[in-house]
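To keep things simple, chains are lettered A, B and C as they appear, and every chain counts its residues starting from 1.
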Amino acid sequence: MSCMAQQTYVSSRAAVPNLEFRPKGRGIVPRGLTFAAVLIILLMLAIIMGNILVGGMGTISWEFLTHPPEQGMKAGGVFPAIFGTVALVILMVIAVVPIGVFTAIYLQEYTSPTSWTTRLIRVAINNLAGVPSIVFGLFGLGFFIAFVGGGIDTLFFPEEGPVWGQPAIIWASLTLALLTLPVVIVSTEEALRTIPRELREGSYALGGTRLQTIWRIIIPQALPGILTGSILAVSRGAGEVAPIMFTGAAYYLPYLPGKLNDQFMELGYHIYIMATQSPDIEATKPILYGTVLVLLLLTFSLNSVAILIRSRMRRSRVGAQ
Amino acid sequence: MLVRNNTNNVRIQSVEAPATGGMEPAEQHKMLVEDLDFFYGEVQVLFDISLLIRLNRVTALIGPSGCGKSTFLRTLNRMNETIPGTRMSGKVLLDGHNIYEDFDDPSSIRTRVGMVFQQSNPFPKSIFDNVAYGLCVNGIKDKRLIRDVVEWSLQQAALWDEVRGKLDNSAFTLSGGQQQRLCIARALAIRPEVILMDEPASALDPVSTAKIEDLIGELRKQYTIVIVTHNMQQAARVSDYTAFFYEGKLIEAGQTKQIFTRPQMKKTEDYVTGRFG
Amino acid sequence: MEHLRFKSKSRWREFAGEKLISISAFTALLSILLIFVFVFKEAIPIFVDDYIKEDASLDKMLCQQEFYEGREAKWSWQPNSEVPKFSLLPLFIGTLKAALVAMLFAIPLGVGAAIYSSEFASRRMGEIIKPAIETFAAIPSVVLGFFALMVLSSFLQQVMGLTFRLNAMNAGIALGLAIVPIIFTVAEDAMTSVPGSLRDAAIALGATPWQVSLTTVLPAAMPGIFAGIVLGFGRAVGETMIVLMASGNAAIISISVADSVRTFSATIAAELGEVVFGDTHYHVLFLIGLLLFIFTFVVNLGGDIVLTRLKERLQGRTT
């Protein structure tokens, strides 16, 4: 057989001008350039994280986490800001998760992807995700505080000063809820899409109504996705400052917020204030770095948990197929 | 044509054209595959395949779905290497050179062994740029030459008369059959010696299919063609040689006439007479 | 055999549940409308109220003004001075300057990293890049602003010998860091959704892997990459905390990136807390907010349309 392979052959190239192909490069330049972009990004990330970690490590202590600021924020801790942030995002989650989940369910289970309502809602969601956060702040001020809060005041508390028509934690959290709504919707939708059709049909075939199917089959199945979305929303909400500046955050409060219409301190806002308004930046620096580190740790740990849940969810989906 | 029978490694079965068959004697071969095994991950899908591919003849690969025809075809121009986790052993010779060992750059083999896919896949570019693509990535810079070759290729693919004057239109403006002929023209432009076709007409209507078959009839004068087809009549119409695959094994190969009229293996007979698959 | 008797399901509960779901679904749509209405509502007086028009007519906001007799006519933004000046031009230039620096910085990084990740990266490398980008995206903008204010600004000033520590370049680079993840994500998504059949076609014509990437995948994904850039630009224009902290906030007209700038968004953030509810300044800030809203709305809508079209085209071809 091998002797046949040695046979001479006739080239089949004929007639047309012969082509001289040149050997190709190894693509060093495109590879190198794009890799350099990756390296720069990784480097920047490392520098930022390293800087904040080194600057803030020394400050973080049990005292720091559990005590209020002292001496014009040059000493003490950030407990009220942590408390305010947590309270803020809890209220936000209570508002955003049901709405986000229902929207996702509506889009996935109730309408065809090509119907004009679905399209319109999708456009709205994408646009909501792109509205500048400061515009959310303006909206919170104009709608929640002036219109809704002010309305409640004129209706029910005409005698008193502003009760609801003023910056308050409820308005800040509702503003943030709108801002993070797309996050919850997108994440829940991704989970809903992975639920096999047979599961739904199985439930319908047993006489389940649509609502029962959603409540007993679909939502439990989508729970990891809903969780992921909620955590991502919290992580996003905890870091946003512009929307809460005018809707409820305060420089400094001697007390913790106890009612829905109280103002509150918040980590991100606290950072902004300390970094830009401090009369003695060198003296505030350790506290400032400590606060930044607390905020970063908070958002990153939330994000890592969300990513973990999501990758598990995706893996189990691949396994199922 | 030579086939190494899989059930018995020692016996070498010759299905060389019988002298009485009125065929050209001692035809030359272009490619030779020896002892080819192929794996997707741990799953072996090709078992010990040996096959000769004749110069300037059409060789048809037939067999039931999933038997490994496409996989085999793609080993002939090292396309399978682009799928991660695949593994193969054995030899594939092109003009006596092992394409897996004697070439540093797998892309240079593909300029000699061209390919046309089942689903026409023109680039989202103009008709001209589609045909010129292969020349450009292979370092041809001469504009005149490129224009000549594009025209020549389109003529060879019997598409020139339909697209002349609208070479700058997007390739997507063409009909399905035209798109497939564009893909053939694109493959011809780099002047391959062998053309691999994976069910090139299966997604087309009868008229377009007939055009493609005519085209293959023309091309076989200058090119060595290997074509995968599900369509028995098509294999009978266009091919000179036929190889029958079954469950990853090459069951029988020989002149098309012989395979369809006097198959030597029971499985082949069952398949070509439509008893299964 | 005994008959099972099923309770007839509560029609009412079913009805209420379904309504709740479909009403919730319109929240996003309603929000967008309300945002527009309420920001617009507070900006309207600028066009109708004579008192407000005195200081902030369109003419005064856009054209050069001679604020003091005999002095040179200028564009200036000094809303709290004795003669309030509401020219939007310095803010416009500031916004554009910061955003352009950001784009200059973020496009090569974002697109480059996306190409590398989609085309060249080994599996291991991919497992490093993606989480790194997600981490980047998770950094709150106030933290990036803080970093630019405390670290980056001093570094730039020393390296380049700048007069002002806080300037357009400093803010722009920090802003760029914030939009790299957007550009990366959208661009990478566009490239990975280029169907394998196109790659196969190019490979079969003798293209090497990097040629496949640059001559086939990249052109096919171009609309998506472009959309990513546009969306990134929208974000750069609207982003607030970074510019507020890192730009120096001086409303001056200059083209040098070494000068301080004041952007639209930072102006709202810095001034809304101090305005008198309902006076001219207040309404002008809402007008700026309206401009930002409309701008980002158009940008997002455009990017969205480009991306849907691209997906349809690429996916339509594989089926």
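Convention: a residue touches a chain if its C-beta (ideal position, glycine included) is under 8 Å from a C-beta of that chain, and two chains touch if they have at least 3 such contacts.
None of the values given here were measured: they were computed from a predicted structure.
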Chain contact topology (line, ring, star, complete or other): complete
Best-connected chain pair, where connection means C-beta pairs in contact: A-C
Chain centre separation in whole Å, for chain B relative to chain A (CA means): 51
Distance between the centres, which are taken as Cα means, of chain C and chain A, whole angstrom: 15
Per-residue overlap in chain B, given as positions that touch at least 2 other chains: 105, 107-108, 111, 137-138, 190
Overlap residues in chain A, where contacts from two or more other chains coincide: 21, 24
Touching two or more other chains - residues of chain C: 206, 208, 211
Chain A residues touching chain C - in the complex, by the definition given at the top: 21, 24, 26-27, 30-31, 33-38, 40-42, 44-45, 48, 51-52, 98-99, 102-103, 105-107, 110, 120-121, 123-139, 141-143, 147, 178, 181-182, 185, 207, 209-212, 214-215, 235, 238-242, 245-246, 268-269, 271-272, 275-276, 285, 288, 292, 295-296, 299-300, 303, 307
Footprint of chain A on chain B - complex, ascending: 2, 12, 28-30, 32, 34, 50, 52, 55-56, 93, 95-96, 105, 107-108, 111, 135, 137-140, 145, 148-149, 152, 190-191, 193, 222-224
Of all residues in chain A, those that touch chain B in their complex: 1, 4-7, 9-24
Chain B-touching residues of chain C, taken from the complex the two chains share: 195, 197-208, 211, 215-216, 219-220, 313, 317
Touch list for chain B against partner chain C, complex: 77, 79, 82, 105, 107-108, 110-111, 114-115, 117, 119, 121-125, 133-134, 136-138, 183, 186-187, 190
